[in-house]
Amino acid sequence: MSKTIKKIAVLTSGGDSPGMNAAIRAVVRTCAYHEIECFGVYRGYEGLIEGDFQKMDARSVKGIINKGGTFLKSARSKEFRTKEGRQQAYNKLIEAEIDGLVAIGGDGTFTGAMVFNQEFGFPVIGIPGTIDNDIVGTTNTLGFDTALNTVVDAIDKIRDTASSHNRLFFVEVMGRDVGHIALNAGIAGGAEEILIPEEDLGLDRLVESLNRSRKSGKTSSIVIVAEGDKIGKNIFELKDFVDENLEGYDVRVSVLGHMQRGGAPSCFDRVLASRMGVKAVESLLEGKSTYMVGLLNGKMELTPLEKAIKGKTKINLELLRVSDIMST
Amino acid sequence: MSKTIKKIAVLTSGGDSPGMNAAIRAVVRTCAYHEIECFGVYRGYEGLIEGDFQKMDARSVKGIINKGGTFLKSARSKEFRTKEGRQQAYNKLIEAEIDGLVAIGGDGTFTGAMVFNQEFGFPVIGIPGTIDNDIVGTTNTLGFDTALNTVVDAIDKIRDTASSHNRLFFVEVMGRDVGHIALNAGIAGGAEEILIPEEDLGLDRLVESLNRSRKSGKTSSIVIVAEGDKIGKNIFELKDFVDENLEGYDVRVSVLGHMQRGGAPSCFDRVLASRMGVKAVESLLEGKSTYMVGLLNGKMELTPLEKAIKGKTKINLELLRVSDIMST
Amino acid sequence: MSKTIKKIAVLTSGGDSPGMNAAIRAVVRTCAYHEIECFGVYRGYEGLIEGDFQKMDARSVKGIINKGGTFLKSARSKEFRTKEGRQQAYNKLIEAEIDGLVAIGGDGTFTGAMVFNQEFGFPVIGIPGTIDNDIVGTTNTLGFDTALNTVVDAIDKIRDTASSHNRLFFVEVMGRDVGHIALNAGIAGGAEEILIPEEDLGLDRLVESLNRSRKSGKTSSIVIVAEGDKIGKNIFELKDFVDENLEGYDVRVSVLGHMQRGGAPSCFDRVLASRMGVKAVESLLEGKSTYMVGLLNGKMELTPLEKAIKGKTKINLELLRVSDIMST
Amino acid sequence: MSKTIKKIAVLTSGGDSPGMNAAIRAVVRTCAYHEIECFGVYRGYEGLIEGDFQKMDARSVKGIINKGGTFLKSARSKEFRTKEGRQQAYNKLIEAEIDGLVAIGGDGTFTGAMVFNQEFGFPVIGIPGTIDNDIVGTTNTLGFDTALNTVVDAIDKIRDTASSHNRLFFVEVMGRDVGHIALNAGIAGGAEEILIPEEDLGLDRLVESLNRSRKSGKTSSIVIVAEGDKIGKNIFELKDFVDENLEGYDVRVSVLGHMQRGGAPSCFDRVLASRMGVKAVESLLEGKSTYMVGLLNGKMELTPLEKAIKGKTKINLELLRVSDIMST
């Protein structure tokens, strides 16, 4: 049986996402509610190794629920990938009598947490924080909903200028391996075509689709391209290809970039972060470890970290079909 | 066996909500995709009775996915509550050879659709469009997510001035019979207390909570009050009560009002609207009738209109608890 | 000749407005630039009396340029209106060897600063921070531009629901004595009529205007009412009046309230705040006192505090005419 | 003496900017107010040549004041640069008995209008619509204020992720020949350095500034780069340069792109558009021609088109200094 948890540490690691601050706040306040101590670790595993953490109470996290980014800061730690680094992190935790860890981040963060647990038996719970929504075991990762709204707002603005000039825009959104942002934001932005890594549509289909859309009377078009799209060309090559092969198009490219990671979290992400924070702390208190908290069928559920990492999210085929129908 | 559907009408009725335009667009484009005709009906059942509808093609709904409100306009129709009114509506539909109806709205809209179907056997499918999220058979009604973000944005602004002045704000949000907006936006806005119709907390608890929160070092507080809160006092009486019974508070009231109904729909609501529109039309084409389309466990599902109307949504008890913990 | 200034204090007082944080930041950083010390005073004159201030360097004001409200907090101080209160404030300043004060706020703030200077000869410079734009000597007070955008965003949302239902909305905006917010936001929101304190239009004109607008084919209307409108009825009485005297209108009321004071400042207000902060500190360093910094013809200029307080801003008659023409 | 104007045409040309729709609306409604006819011309001078215009009344421009882009669409017309093209445009205008033209756009638009007037004596008035603010004779071009807010909002988001990761971001904003957007948005976004075409700072200064800022304790930095910056390297080369020459920096690049042109216009731009539209029409009615309307010292003033085109806006040196002080 697991020993009673009395002090919990929380950190954010990997790429930041909106809602991380809200999740930290939830972890800290749930600790306060259960009258156990909570420590905020700066710069992810890097700060763990350096012992760069500090005690936090309910008031320490005041006014951060609506702030983007993570005030604990995030970092990728090379040292934590070494046995020595992890040993040192463990020593620092033991020294401070901390007996549980909540790690907020994505794949890499969870892998680190799992290895750490395997080596030292240290209780860890993960909270999925990444805008990419590429983690199995939750319908939504923290920040995904906010990023979608940011992207859609940008597409709306680009649409204004696209239709004023009867132009074709290629808009690149984040998603190196997964097309969740592209697919959802594409539908919501009324995109004429959406290119995602999960589907190799081929250039022919794109050309055909654009021609059809032009014939149907559309004077401007927006094509959403996920970073990791496998069509074999990057977004600037796509532009060149269309310039050369399609007539009558005035093509422009827009790469939305890092603004997709920032901004005040949406209501959904703030509520999700709050629920996840509560669940993470209470899972540790119940003696659970190496799980990720997630939203499944509207409820907070636990998924083994191993499954969360190794799994691969699937693209929603219904959405693909909806996208096709909408670009009629 | 149902006869083949060849012409579909779509209308919006009852209070408007963000995403209605996106749903109309989806209905029209799904009809275009399946090469059947689609008619947009103006002013809900009122326009049906007057034959105020017009043929729409894919281009008719261009540029509306991001617009709040409903370009078909909405209305409450007294006449449609009479047998004569409904008979006339039926005559107009038959005259135009329309053989299916998609009705976008809430409780009242669905009741009308159901009675209409019972009397004339006319195929109807409902799409739940209301910001209140008070319909059984879908985890989200159209517009709920957008309204939440609007409310949270307003709370964030009020928080700025509340903390600058160490004030207590009572903020009234929509929700005559249900507290879904209050509960979610309250958590996301970091509210110190949330008053909802489903829970009669009593004034004593409110006073106790405010005192506790003051003692814990909070210098400003926000209490979210759902319109329909059953605490026995309206929001201005609440202010007077606190003015008289609590010391050291500078109390203000803010009633957010109708702006909660408007604005560009969120990404979530646009995608939901698109999915619902496709499902509604294709359900009619499959010979289904008197169902509402909804989102259940991430999928588009049908629920009998009767169940959707008679059901009563339940408040998420986990959220109530999260709210309590967060206001530690 | 004035002695050299070596330590400056800055405070915010009266109603908060977006941009106050940006102005504090500018004061602090300008001090750092000129290598003099800067103290942030909490809760306005109240904190001055209590000696509640603290030394700040360039890093103390990091990350606040985009935050609404004022992190120094604001308050109205009864004690500072007494000779004893002001004497105590003076003592505290002298004790800390502070020899100049930047006061950010409105009328009341400046009156306090002026009296303080008259009694103790203490150098003071004012920065006009209020959303109402009711200060002579600057074309824009800090926060006015941001509040306008907040109000217009709310009107846009209300317009969505107004046109969906063919309704008439009375929307109350801030402005107890002046109609600057109402007039500008009314034009930008496409209001059919704007009621401001500076003009007593009388109910007859309102009725006439609404009837004309109805006849011209408008199906929904928005009337912006400044808090301080002198039409002799409050906004709810206006609704009742129209309900009784105009046919065919479905009237609603929305009081925007305190959210108008909050939110991230607009680009304009942030730049203005930065310029004002620089000018305020450098004016003190040049030996100036009892002036307000302001924007006149695109440049930073000084106006005697006395003139700023006693003056009365005039409504822009051209805007009134533009409003009339636009509601054609 | 000029003959009486009875029919006016309005067009938008060149790059679109937020507020163009509001300006069209103002032109149309001012015509309605003065009971003269108004024609909307599609696709700028292209539509003029093709006779692609249509009569508009007050209701034709309903609901567009808050929409980005231009519903009349814009285009660059090669044909209008030829004598034949202009002759044909003139013929079309005469045919429709139109006797005055309002041209909304930038440099190129005004040059076209001026040549057209020189050849045919056709009365023209210009409205400056461009986000770049690069036109002499107005303190603000239409769309500048909106674009600034869009850029600042993006910088705020990028700042979230920059400070979470202690990164350096180069952010490119529009402004091929002028740095107005970069300078204002840079100050408002709290940029550590701003690179504009008007100033050749040299790479050394940039390096020095970044080093100083790092030493002062800043862990993240944002450098705003105007498209047309003359530092001799494009933004990606800048990144490479810093990667190679500065230690300890994790550098990222973000090119904001075309979203800067779109979006709902700010309150300021809507009011400005309304005032400019009124002034433009009434100037034509007063027999004026080949002027541009503009905002000077808070008032609507006329500037000869020739002067507007040939002039070169100057960078506000006070702002440059403020920027330096703020990045202390």
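Note that the chains are named A, B, C and D in the order they appear, and that numbering of residues resets to 1 at the start of each chain.
Definition applied: a residue touches a chain if its C-beta (ideal position, glycine included) is under 8 Å from a C-beta of that chain, and two chains touch if they have at least 3 such contacts.
Small disclaimer: the values here were computed from a predicted structure and weren't measured.
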item: Most widely separated chain from chain D, with each centre as the mean of CA atoms; value: B
item: Shared interface numbering between chain C and chain B [over half = same, under half = different]; value: same
item: Mean-CA-position distance for chain D and chain B (Å); value: 39
item: For chain B paired with chain C, centre-to-centre distance based on mean C-alpha positions, whole Å; value: 35
item: Whole-Å gap separating chain C and chain D, where each centre is the average of the chain's CA atoms; value: 28
item: For chain A, residues that touch 2 or more chains besides their own; value: 156, 159, 163
item: Complex interface listing, chain A residues touching chain D; value: 12, 15-16, 18, 20, 67-70, 73-75, 150, 154, 156-166, 169, 252-263
item: Chain A residues within the chain B interface of the complex; value: 25-26, 29-30, 32-33, 58-59, 62-63, 65-66, 139, 145, 148-149, 151-152, 156, 159, 163, 184-185, 187-190, 216-218, 264, 266-268, 270-271, 274-275, 278, 297-300, 318-319, 321-322, 325-326, 328
